[in-house]
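Read through the structures below before going on.
Two complexes are shown next, each including chain A; its partner changes from chain B in the first to chain C in the second.
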Partner chain A sequence: MKYFYFIWKNLGRKKLRTWLTIMSIVVAFILFGALGSLSAAFTQGAEIAGADRLVTIHKVSLIQSLPYSYVNRVRNTEGVEAVTFASWFGGYYQDPKNQFAQFAVDAESYFDIYSDLLSLPEEQMESWQNNRIGAVIGTALAQRFGWEVGDRVPVTSMFPQEDGNRTWEFEIEGIFSAEASGADSGSMVFHYEYFDEARQWDKGTVGWLMIKVADPQNAGEVADRIDAMFANSPAETKTSTEKAFMESFMKQFGDIGTITGLILGAVFFTMLLVTANTMAQAVRERIPEMAILKTLGFTDRSVLVMILAEAVLMALIGGLIGLGLAWLMIGAAASQVGAFLPGFAMPTDVWVQGLIAIVVLGLLSGAIPALQGMRLNIVTALGRR
Partner chain B sequence: MKGLTQIFTVSAMNLRNLPQRLGSSSVAVFGVACVVGVFIGVLSMASGFQRTMISAGSPDTAILMRSGATSEMSSGLGFEEIQIVSQLPQVRRENGEPVTSAELYVIVDIPKRSTNTSANVPLRGVEDGAFEVRDGIEIIEGRRFETGRNELIVGRGAQQQFAGLDVGNTIQFGQMEWDVVGVFADKGGLSESELWTDVRVLQSAYRRGNSFQSLRVKLASEDALEALQAEVASNPQLDMDVHRETDYLSDQAEPLSKFIKGVGYPLAVLMALGAVFGAINTMYASVSARTREIATLRAIGFGAFPVAFSTLLESLILALIGGVIGSLVVYLIFNGYTVSTINGASFSQVVFDFAVTGDLLVQGIVAAVFIGLIGGFFPAVRAARLPVATALRET
Partner chain C sequence: MSDANEAALDPQASAASAGNETALVHCTNLGKSYRKGKESVPVLSNLNLNIPKGDFLALMGPSGSGKTTLLNLLGGLDSPTDGSLEIAGERIDRFSRSQLTRWRARHVGFIFQFYNLMPVLSAERNVELPLLLTKLSSKQRKKQVAIALELVGLKDRAKHKPSELSGGQEQRVAIARAIVSDPDLLLCDEPTGDLDRTTADDILSLLQTLNQQQGKTIVMVTHDPLAAEYAQRTLHLDKGTLITGN
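And now, the complex of A and B:
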C-alpha cells in the first residue's frame, strides 16, 4: 500500500494515453453491464419460478385449451396441494397497437398460488370479488395507461361475447404489485366466471393450470401422475415445473445468451489488447527507471507487483465508471420498457461478474510487461540509455 | 507538384515502416475488426429477419381478417363471409373461379433440432387456391398433400430447424397422426417456416366447424385494394379488415426488427467509440515511435502537412484493413446462418437466415473509415507540430 502514491504518479505520467485507455475500458464495461442485464432480464422469469409450482398445458400446444373439469381432477390428485387456472384473453385497449396481457382467472386461488410474487391489498381483493366485472391490474400497467382504481375500461378481445361484440367492459378494483424483481406487473386479471359465461365459443375450457405441490421433492412424480391421468384422452396434457416451462419458453426466442456472450467476448478481447498495449508501452519507456529502482534495492517481485497493480488500478477506474454508467442507463431505460420486460435492472450477479472481469482484465493485460520488468537485468537496462 | 511528391514520399516511407510497429498496429486493426464484425453481425440478423418476413409478400394479394385482429392467431371468419368476399368483382378470376384461399392457422409443439426444446411451430390449413394466391410456392421434395387426408407438406426452413419433419416420417399431434409427404420453398419467405395441410382436415382435427382465420385473395389488379376495402366496409354482413399482404407482413416484422436495430445501433456506436480510443492510442504511439524520424524529415525540408497526412493515412489504412477483416469474417461465418426465433405478433416461430448484404458491408467499411479518420486526426496534428529541435534530441 505504501507504494500506492508511486503507482498513481506513474499512471499520470502520460495522462492522455492513460485516459484514452481508461475510456476504452469504460466503454467495454458499459456494454458488459447493459448486455448482462438484458440477458438476465430474459432469463429471470425462470429464476423466480417457484420450485413447488407446476404448469399443465395442452400437449399439442399452449394455445389449445383444456376442459374445465381437469381443474377438479387435478385438485384431487395425490401430492397436489392447490390448483388454479388461467385463460388467455388476447385483447388490446382502444387501438390494436396497445396490446397487453390479460388473463381470466379464479381470484382467490390465483393470488394464493402466486403469493410469493404478487401482492394485492386485502380490501381491494374483497371489493374485486364482489364485482363480477371487476379486474385488477399490475403497477406497470397502471402506469402505462394511467388507470386508477374505480376506472371503467373497455378491452377488445379476440373472444366475442354472445352477441358478437368483442369489446368487454371492466372496472378496475385493485392494483397488485410485484414482490420479486421480474414478476409480471404489466398484466390484468379478471374473473373467469364473467368471461366464460359471456363468451361465444370455447365455453367450459381453461387455458392452462398452475399447480402447487405438497412437496417440491416429488414435483416430477406429481407431473407424471397428472399427465398419465389424461393420456389417450382428446386433450392430453404436458406438465412441467414452472422453471422448465419458463426456460423452454425463453428458448423460443433463440439463444440470446450465446449471442450476447459472443459480443462480450469480442469486446473483452479487444479491450484486453488495448490495455495490454498501453501497459507494454508504459513499461518500455520506463526501463531505465526500473533499473534504477532495482539498483536502489527493490526486489524483482516488488517491481512485478507494482506494474500489475498499475494495470489493475487502471482497469478498476475504467471498469467501475463503466459499470456505474451502465447502471444509470438501465435505471433510465427500465421505466420505459417495464411493461414489456418486467424487472429490467442490473442484478447483483452482473456487478460481481463485472468486478471479476475487471481484475482479470487488469492482471492479464499487465502480465507480460510485468514479467519483462521483473526479468530486467540492471546492467543491460542502464546501458541502454 | 512538390507538395504532392513530398506527401507521397513520406507516406510511402511511413507505410514501409509499419511492420516495425506491428504490435501496437495490430491492436488497432483488431479493434476495428471487432467493431465492424459485431456491427455487421447484428444488423445482418435484422436484415435477414426482415427479408424473410416480407420477401414472399406480393402487392396484388390482399389478406382479410376479422376487424381489429392483429394477426391470424386472433382472427376468426365464418364460411358465409368467405363466400361473399370471393364473389366480389375486385377478386381475380381464372377460368371462372375466384383465386382465393381461406386458411386456418394453429400452433403445434415440435422440438427444435438443435436444442431439443419445444417450439411453437405454425401449422396452416390451406385450400387448393393457396398455391395460386402465393405464386412462389415450389415443391422441392416429395409431392403435395392430398385433399382430405392427414398429410403435411413442410417449409424448407421448418424442415431444417425442427425435428422429425423429413419426407416419409409420421408425426403425432395429440390423437392424430400426420404423414410428411413433401417439402416446399417459397422464395425464402415466411411460409417456409410453416407446415401446411388441407384446411378441411385441420378444421375437423381442431374442431373448428366451418370457420377460418384468414382469407387471402388475388386482386384483379394492384390498385383494386381500395375498392375492395370500400366494398367490404359497406357490407353490413362483413366484419373484416382488408390489408395488402406486403403491408401486413411488414407490420408483423416491425416489432422484432425494431428491437434488434434498437439494440444493435447503440451497441455499434458504443463499440466504435471504444475502438476510436484504441486507435488514437495506437497512432499516438506510432507518432512517438517516429519522433526522431519525423524531426529529421522536417529538418531536411519536408513540410508539416505531408507529415500529418502520412499519419492520417496510416491510421486510415490500419482501420480499413481491420474493417475488411471484420466484414470478411462475419460474411464467411454468418451469411446464410439459419436461426429461428419466436415472433411476438403471431406467437410462432420464424426461421430465417442472417443476410450479410452488400449494403451492410459498405456500412461496415464506412464505419471503419470514420474510426480511422477520427483516430488519426489528433495524432496527425501532433506529428505536424513537433518542435524539430527538441524532437531531434529525443531518445
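And now, the complex of A and C:
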C-alpha cells in the first residue's frame, strides 16, 4: 500500500491521455451495465419460472382472451392441483407516462399459486378479500407512487366501464413483496369480479390461466391434456410451462442475451486495445525510470506489480464510474419501463461481472508493458539515454 | 557466502590498494566482456583494486575505457565475467540477479550524470523511494528523508517537483536519495557532467563533506581533472585496465 502514492502519481503523468482513456472506459461500462441489466431483465422471468407451473393462453396469441368457463374445466382436469387466472387491464395512473402493470385476478387462488414468489400479510389478504374494489400492490409500485394502504387511487384503463368511463377507482388494501429477486413487485392486482361486472365488453373472459400441476414430472402430459380438451373449439388453447412461456414471450424481442453478449464482447475488445495502447505508451516513456527503480533495489516482480496495479487502477476508476452511471440511469429508466419490464434494475450479477471485467481489462491491458518492465535490463536501459 | 580470506591471500589483490583486509571493496583479476555475436569483446580485464572504507576515489579515463562498466560492477548492476569482487565481506560476483537487487538496496547509493529523479514525485518523495524497500514506518521514513534533505541543503525544496528545481538542486536531491538508506558505498557516474563550474564545485564540495564528515566511501567517475581534485586519490582507466601510479 505504501506504493499506492507512486502508482497514483504515475497514472496522472499525462493527465489528458489518462482521462481520455478513462472516459472511454466509462462509456464502455455504462454500456456494460445498461445492456447487462436489460438482458437480465429479459431473462430473469424465465429463470424464476416454476417448473410445476403451466400457462394456458389462446392459441392465436396472448392478446385473445379465453372463456371464463375454461377455469373450471381445467380445474377438474386430471393432474391439475390448482388453477388461477388473470386479465390484462392496460392502465396508467393519472398520466399515460405512468404506465404500470395491473391484473384482474382471482383473489383466493392467485397468491396460492405464486406463494414461492410473492407474499402478502395474512390480515391484508383478509381485508382485500372483503373489499370489492380493493387492490393489492407490490412494494416497488408502492414506492414508485408513494401509495399506502388505505389510499384510494384512480387507474385509467383501455377497458371502459359500462358508462363509458375509463377511469376505475381502487382502494389499496395491502402491499405484497417479492420473495425471489426478479419477481414482479411493480404491479397491482385486484378483483376479477369487480372488473368483469363493470366492463363494457369482453365480459365473461379471462386473459390466461396459471396452473399448478400435482407432479412436475407430468407437466408435459397435463399440458397436452388441457389443449386436447379445447381442440376444435372456437377458442383453442396453447399450454406450456411457465419457463417456455416466458422464453417465447421474450423471443418476440429477439435473442437479447446473444445480441448483448456480442455487443459487449466487441466493446470489451475495443477497450482492451485502447487501454493496452495507453499503458504501452506510458511504460515506454519511463524505461529509464524503471531502470532507476531497479537500481535502487526494487525487484523485477515489484516493477511488474506496480505496472499492473496502475492498469487495474485506471480500469477501476473508469469502470466504477461507468457502472455507477449505468446504475443511476437504470434507476431513472425503471420507472418508465416498469410496466413492460418488471424488476428492471441493475442486478448484483451485473455488478459482479462488471467488477470481474474491470479487473480482467486492467490485467490484460497491463500485461505486456508489465512483462517488459519486469524483464528490463538495467545496464542496457540506462545506457540507452 | 562471504569469503574474505581468498581475496586477502591473493598476492595480486592489493596491487592498487590503499588499504588492506579492512578494505571495503576487493577486486581481484576482475574482468568483464560482452558478447557481440560469436565474439567476446573484453571491456575490463585483469583489474585489481582495493578500496578502503572512507576512501574518496576518482576514476578517470577516456570515453569508452570502461569506467561506467566498472561502476556497474561495483554497484551490483551487472556481474563480472572473470575474477572476484568482494564488497563488505560478500562475494557479489557469485550473487544471482535477485540477490544483487536486494544487496543493492542495502549497500549502495547511485548518483548519475542526469540525476534520474522520478519526474512525477516531489523531492521528498524521490528521496523516500529507497526507504519504501525497508521496514520503516511512514513516520520514520519522513524523519530520515528530512535528515537527508537537510544534509544536502535542500530542506526548503522538499515539496518541489524535479521540473521546479535547477540542475544543481536536482543533483542534490539525487544525492539525498543515494544516502538516505545509509549505504556503505556511493557510486557517482560523472555527477557534475551536466553542471556549470560553480554548481559543479558545490556538488563536489558536498560529496567531499559526505566523505570527510559522514565517512562515506565514494567512487566517482569523472572526465574533469578539477573534479578529481576533490577526491583523496585518482586512478586512471585505459582500455579496460588500471594504470597505476597515477
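Everything below uses one rule, namely that the second predicted complex is superposed on the first by the 228 of 385 C-alpha atoms of A that agree within 3 Å, B and C clash if a C-alpha of one lies under 4 Å from a C-alpha of the other, contacts with A are read in each partner's own complex, and residues count from 1 in each chain.
Keep in mind that, in the parts below, a contact is a pair of C-beta atoms (placed from the backbone, for glycine too) under 8 Å apart; a residue touches a chain by one contact, two chains touch by 3 or more.
Just so it is clear, the structure is predicted and the values come from calculations on it, not from any experiment.
Mind telling me which of the two, chain B or chain C, contacts the most residues of chain A?
The larger set of chain A residues in touch belongs to B.
Between chain B (first) and chain C (second), which does A:379 come into contact with in this model arrangement: first, second, both, or neither?
Only chain C is touched by A:379; chain B is not.
Once chain A of both complexes is superposed, is A:296 in touch with chain B (first), chain C (second), both, or neither?
The answer is second: A:296 touches chain C but not chain B.
Of the partners chain B and chain C, which touch A:6 in the superposed model: first, second, both, neither?
Touch partner of A:6: chain C, not chain B.
Of the two partner chains, chain B (first) and chain C (second), which one does A:263 touch, if any: first, second, both, or neither?
A:263 contacts chain B only, not chain C.
Using the superposition described at the top, list the residues of chain A that contact chain B and also contact chain C.
Overlap of chain B and chain C footprints on chain A: residues 385.
List the residues on chain A that touch chain C in their complex, please.
So the residues of chain A in touch with chain C come to 2-3, 5-6, 9-10, 12-13, 288-289, 292-300, 378-379, 382-383, 385.
Once bound in the complex, which stretches of chain A touch chain B?
For this pair, the touching residues of chain A are 16-17, 20-21, 23-24, 27-28, 30-31, 35, 38, 58-64, 90, 92, 96, 99, 156, 158, 164, 166, 232, 234-236, 238, 247-248, 251-255, 263, 266-267, 269-271, 273-274, 276-278, 280-281, 385.
Mind pulling up the chain C residues that touch chain A in the complex?
My answer: residues 68, 72, 75, 77-78, 97-98, 101-102, 104-106, 110, 112, 114, 116, 118-121, 125, 129-130, 132-133, 138, 177.
Once bound in the complex, which stretches of chain B touch chain A?
That would be residues 23-24, 27, 30-31, 34-35, 37-38, 42, 68-70, 73-76, 106-109, 112, 115, 117-120, 173-175, 206, 239, 263, 267, 270-271, 273-275, 277-278, 280-282, 284-285, 339-342, 347, 349, 395 of chain B.
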